[in-house]
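Given below, in the form of structure tokens, are the structures.
You will see two complexes here that share chain A, one where it goes with chain B and one where it goes with chain C.
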Partner chain A sequence: MRALLFFVTIFYVNEYVQAVRQIPDDILRGNHTNNWAVLVDTSRFWFNYRHVANVLSIYRSVKRLGIPDSQIILMVADDMACNPRNPRPATVFNHRKQHINVYGDDVEVDYRGYEVTVENFVRLLTGRLFPGTPRSKQLLTDEGSNILVYLTGHGGDGFLKFQDSEEVTSQELADALEQMWQKRRYHEIFFMIDTCQAASMYEKFYSPNILAVASSLVGEDSLSHHVDPAIGVYIIDRYTFHALHFLERVSPDSMKTMGEFLAVCPKQECISTVGVRRDLFPRDPHKVPITDFFGSLRPVELGINYLNVSIALPLTENTIRPVKQEEKYHYAQQFPTHLFQTRAT
Partner chain B sequence: MSSHPSTTEEIKTVGDLPVEKIDKTDYRIYAAISYFVILIVIGLPLWWKTTEVYRVPLPYTRIAALNESDFVLVTNVTIASLDIDRGKQLASDLDNFFKTSKLFKVHFVVTQVQKQILASAQSIQALELSSVSRRQAGDILLLEVPGLPRFTPSQVLVGRRRIVYFATDTSSVKLTEVLQQWLFQEETLQRMISSMVSPTKSELDLAGRRRMPTASAYDVMVTIVNPDPEKVQLNWDLQEAIENFLSPFLRNLAPLADYNVKSQWLYFVPLQVQPKLVPEQPGIRKHFALSEELLPHIITPLEKKLASHVSQNPCLNFVVYVPPCSESPLYIYRQEGVILRGGVNAFLSPRWGGIIIHNPPQDICDNTTVVEPKPVEADWSKIMGTFLAQLRLLVGVPELDDIPRVSMLPLAASGMRQWELDSLYRVRIMEQLTSAMLTLQSLSQLLGEISNIVIDDEVGDSIQEAVSAVERGIELLHQGNLLAAFEASKQAFLSAEAAFTDPSLLALLYFPDDQKYAVYIPLFLPVMIPVLMSLKNIYLWAASKVRHKGKEKVD
Partner chain C sequence: MVYSKNDWNKLLKMVCFILVPFWILNVGQCLVQKDRFDEELLLKPLPSGHVYAYFQFTTVWDAPSGPQMFQHCHLFPRALGEVAGRHNVQELHVTLTEGLWRYEYWGFPVSDAAPGAELWTWFRNDTKDVDNIWKKLTGALSGLLCASLNFIGTPNSLSPEYSFRPTGVVKNSNLNSSFVRYATLPREIVCTENLTPWKKLLPCDSKKGFASLLNAGHIHNTNYHSLGLHIRPVCKDAKCTEVSIELRQTVSLVYDMMILGFQNQDWSLRKLFGLGLSGPCPLATSSFIYVDVTSNETGTPYQLQPEPTEVITSIRGGYESKFKVYNIQKMSFTHMLNIVATYSTPKVYAVNVPPVLYASRYIVGYGQERGGIVTKIHNNHWKHLDIIYLENIPWFLPIYLHTLRVVAGGKEITPILKKYVPGKERSRPYSLEVLLRIPARSVTEIYIEFDYVFLKWQEYPPDANHGFYIGSAIISAYLPVGKNYMGLPQAGPTIYSSFNASREGFLLQLRTESLIITLPTPDFSMPYNVICLACTVVALAFGPLHNITTKRLCMKDGNSCNGLLIRLKSMLFKGRKPQAQAH
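Let's turn to the complex of A and B:
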């Protein structure tokens, strides 16, 4: 009885205490004002199902943590969901137990099919798109934007293969990011790449404020996680699987740091070694909240006094406003004789 | 007799070559020379010319020279005092201070003011409206008003137009502070320029982070969110309120940029956060508390519904949220657990906009005889007043720190003081000129390094226009003409952007050098080797011919 009373008291006290989560002093939110994400899957065909599942899973996480679709650029060949070989049409799963349909109802693919080319990718990053490109296909970032760049597909030492027909080299990517820096089109970039020999892609970067993580070092292959026996192809890669496992436990007000994210997937799970490049990034990743890149939390200011605008208002009686004509509807004449009327002489 | 010399009859030797080989050698050498001439002397330049990439010549030196030129803002400050010597003393003190300024070059002019005009003025407002107040954009008048203590307790009063009224006993130090911190805002300008030129070393200050990035047009989106229209009914004339309150302010800013105002109503959109219920206490009614940490989580899900991304212009969002009676009154609490004072339940997000929480009146909520949906009236002066304050900050008019014994006249209906508008012009001019200069430098470096990119006429014209506009802008700033300098800087900014983001600069018409050699060498090297090797023989033959002629002469 006493124990019950004790617990009940605790319960009510807790309810009345304002549970304000204090941000620890050493985790400083960055000075960015908005968040963008560029998610690219560079391969097509049915046997590359896992790359589509990779990128769509990251898309789901990023959307769940708050980045709106208008600030996500998704480049996918998009030939999985409606592929004739897909036994469950209009769905893409990232686990053989089919927990989550990562394709869903509200996926917004910005560059699909044969639009995923190196030229479009570089045009997107540098901003040199043709006039008349729709706004959803443009990266309208400014100097306060943090960008998450995620690439997945087949890669090699110094290049990334785009749709089995062309390649983007690490030098081109580094130059494109430098052009972005010259125009101040980003505040910080978090570059994630999940391909074979992925670390070779970030080795040539020379612009500041970039934190890069790769699923494998030069000379190593990134391996896939497991096969779905119902489909017959591998459905997710190891690094992305473990990264998702981490991100699933992140909520928009989470205090997890980028340092913890960089340590995800140790060698015994991933078999390949995760490579990190942090020399271009001025802040300590252990002090950077994960929502700086994966979520979208805008900075907020309080204490703005309002202006007293009741003095000398322009009076509405003086302004002549157009009177709205009520629309009157009538039936059209069945035989428009009025068109043939001639003036009676 | 055959016309050509018989090859076997006369045997002469010149050097090592026997005669018959000399004749054939001549023809062979002539053939080799003709190959050489056609392939190398004619062919090589022809190939070079035909594979040349079309490149319009660019003014590289002028662009590099822009780096050396410093942006100097020239302003004229007139000091009008009763005693001309006092005026001269003030002018020299102020001049000494502003000599060290890097961005401003201030010319001080001293005049004497008529005592009768000042004595007859009934109020400061009358002085403001009199003819003494016509100033060119960017200029300031410091007017000594001997009777200032009868109007205000402060020593210095900054008017709405470009006049600063100061009392007779004001020191030059105080006037310097007023000019430096309030009217010129040199530190803000300096921070902005250094953050653009070297972003890794310096960052924008708070006012700069709030200020929207420079653009030629902005969208202003006013949204009213009613999460439960079955409980709360809002019969508000939003369009009229915008026309009355926001439009006069935006008309002030019309020369700076286009502001397109849109409005929308959102229904059934709840706050995706849980405010805490604070129960009834002595002196405090029961209310809901929204702590400062939860505020960003309001903006994030709301952004998806606002449809602020239909155009490419940067968008300023102003949202009014009206909670139903069951969730009101909703108050914002600061991080320390203290309720927000001032009676304004609003917050601002830099470069995004602001949100106001408009609680329905308690008497209507408590009155059970009023049937749902309960009508809630709009308190437009409070709502629009808050929006205007937030809009001023977002547009770039900063909040100024207090200086002791210095005050400002309150704002008029237009919402903007003339010297604030001048400051805004200066900030935008410097931002646009610096941005254009950085863009041009980056572009000239890119186009200079990669010698194979096509530079077509459009890009060339844009670059020329941008460079001329930057030079014109700097010249106009030297003359002190703010409005024309703004036009020039806008032209420079837009032209530089157009040149940089021209889609043709990415035409993959150029190949890296190693690919070029890999294609040409297998084709041309087998042909060129014999031609180049025959140069040796041509040289020997020519040398022997010369020696032969020499020997004949001697003989």
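Let's turn to the complex of A and C:
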């Protein structure tokens, strides 16, 4: 029976190997083995609704393109979806015509509210977390990981504010990324930032294999896109709005490249100038598929050598049956009635 | 012999036909599963015009005990089982709630919860270093449920002596309250990100069965919604020499039919949840929907469509209630099931009859130095009631035990017992348990004073001016009557088991409102202001001082006090005499 099974397996493998040969070379060229995303919204308060919509737009796209929730670290500093001011609870929209509910029905926020701090962010990147931190709050990357880092919030020349009370500077961020490189925690990083004077945040980077894009140059403000009168606040920023527009037309098997993505939102649409830093990135962005960072396509090589995997048998009745305990259990008393009876006069 | 591709395919199909039944048989023999899963939904129109929907998903598992306990799960969610197993948990109760249950108008819920996040756990008797393992447990649960439960630690956890007894089975009666931990996060927000992982713990996820009715948009527009997870050990059989693990997942929802824009009081599954029911979860042992029609006899009657499969009359604690039962597994599903309730006449609201016991709480005092908390407990029963009052005060609000006053009808009551654990700054909250006998038909007022304190600069949250939350007080009582009572009996896990379950007393736990106070908050932009002010002062002072000390005033007269230009000129042209003077 087992021999027959192996026959069947080999037959299928043969067919797959033929299919693999048809996959374009571009897909196989990337050397990464897994994809991660760190998506951070650093602003609290209702009037910063747009920053939450920004981060959820990117979350929606990477999830749609195949990065599982276990490999997305989503940090959202405030709750907009279930905020009492939201006229449609449990939704966050990217457009006043309510095209896309970027919050969705299947969202997992890993760090939220007061947990979004500079300390937690840097600890997450560098992997220096407290013992007992659950897996969903860890960036368990290795030297084969391509990481998408997306930050949005309020920033200035050389800093990004967290929760309106503290800030991370560009030097701190550059050092954190360098520490990641030294610890072999990434293969390549695509760094995206949508804040005012965003380009100032990537200027200090000095670690290899980082491609960075910013919504505005130093000295420029990043602007919001439009107001939803039903919500009463600006609902999304210009750069991310156009980035989402671009990403919505990307499918997991699409051949779009990072070069095309870097050209998103020209000056007449964004009003600010989109800044790009590519000197640390050895590959030509026009030859890098966008799914290298936004999706989770893995180069799979099928071999015809089979491994002998022995499957652990389910525990049978005899092994798990504990020694019969003759001690009797009973339901605990729920209310100390006796105390009242003895002490009350 | 050469096989073509077609031949291979045929052979393959044949092999599959032969093998697959064998496999299935094999698997069936190996995994003798000993767990059952029941899904239930209780719908009850409340006298205030709201509709109460209570979902309960119960998994009972004859788990093998020992270290490998949670390694082979079937219907029981392994993710949760591992967390419970690794942290030596005997009982675990987590609730995530938005809104406040209005006891006065809505009566009692099946399962009670405090606003925000509430977590209480009994650890096994052999647990060492409970505080440490508690911290790790809250961290793990925060990852599992996407809530900020990791903010729970020793500084905000209590070990109540009387209020939280194990709800499941125990071996000996001498319970040591050092193994129980209770904490709340009153500010915790509940949204889709909590519902998603909660649903993933169910055997059918949200794909099939009652959980498919739980859609985020229709849950978060309610007046009150609460998610719950309750793990406890229960008796395996009547002998009770072995235990099973019971997991109860609950959702309580209260819909306001008037504000949801339907113009009338009629309600249906589709109106409440956005869609009908497509069938039971195939893994469920039983699937029942109960509609409480007790109010049809006293209030405005309503008709149900389709007809129920059964009608149950339950007499509990001297009060009768009627339920129409839909056994979903026995119904045929050609299209989605939509249970519709229609009122033949416009609903008439009767005078509200509040339940036997309810409470409210508020802050008194003025200024930012000292204040007080008042809790009013209403007893509408004809006889005195015994209650336990648990106060959970954070460390930054030191309370004074000597100011505790309990007054009912102008007369001071002496508590039967007081258990007070004073708080410690940054390491332990104030815990106060008071055992009281409150007189019949009375309002009892519990009053205690506290101080406002300053926190350290770094301890203020980013939105410090929003205020600081104080968790609910908990009032436990053992009600002698079953009126309005919907709680489950201790031994029974399902709603079904609560029918006709008369006991000598019914345990009720009320949660009061959580409070918000404004602590004296420093001006965080103060350093900036100081710098600006200091610089201005220095600049203002420096200018004149510098002028006074470095310049002198003199009359503009040609010889002694020439201008700079003239002096430079004279220095440059020292040798020559000005031509004007040459004349």
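Keep in mind that, in the parts below, the second predicted complex is superposed on the first by the 276 of 345 C-alpha atoms of A that agree within 3 Å, B and C clash if a C-alpha of one lies under 4 Å from a C-alpha of the other, contacts with A are read in each partner's own complex, and residues count from 1 in each chain.
The working rule: contacts are C-beta pairs under 8 Å (C-beta built on N, C-alpha and C of every residue); 3 or more make two chains touch, one makes a residue touch a chain.
Computed from a predicted structure; not experimentally measured.
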{"item": "Which of chain B and chain C A:Q163 touches, first, second, both or neither", "value": "second"}
{"item": "Partner chain in contact with A:R135 - chain B first, chain C second, else both or neither", "value": "both"}
{"item": "Which superposed partner A:N209 touches (first chain B, second chain C, both, neither)", "value": "first"}
{"item": "First, second, both or neither for A:P68, with chain B first and chain C second", "value": "first"}
{"item": "Chain B versus chain C as contact partner of A:Y103, first or second or both or neither", "value": "second"}
{"item": "Which of chain B and chain C A:A332 touches, first, second, both or neither", "value": "second"}
{"item": "Residues on chain A lying within both footprints (that of chain B and that of chain C)", "value": "130-131, 135, 313-314, 316"}
{"item": "Sites on chain A touched by chain B in the complex", "value": "16, 18-21, 23, 31, 33-34, 66, 68-70, 119, 122-123, 126-131, 135, 138, 140, 142-144, 179, 182-184, 208-209, 252-253, 282, 295-314, 316, 319"}
{"item": "Residues of chain B touching chain A in the complex", "value": "196, 199-200, 203, 209-210, 213, 240, 243-245, 248, 276, 278-279, 289, 291-293, 295-297, 299-301, 303-304, 308-312, 332-335, 337, 340, 342, 344, 346-352, 354, 381-382, 384-386, 388-390, 392-393, 410-413, 415, 438-439, 442, 446, 500-503, 505-506, 508"}
{"item": "Residues of chain A defined as touching chain C within the complex", "value": "1, 4-5, 8, 11, 44-45, 79, 81-82, 88-91, 103-110, 112-115, 130-137, 163-165, 313-317, 320-322, 324-337, 339-340, 343-344"}
{"item": "Touching residues (chain side chain C, partner chain A) in the complex", "value": "8, 12, 15, 19, 22, 30-32, 64-66, 68, 72, 98, 135-136, 139-140, 142-144, 146, 148, 150-151, 162, 165-171, 173, 175, 189-193, 196-197, 215-217, 219-221, 233, 235, 239-243, 386, 388, 416-417, 435, 437, 461-463, 476-478, 490-491, 505, 507, 524"}
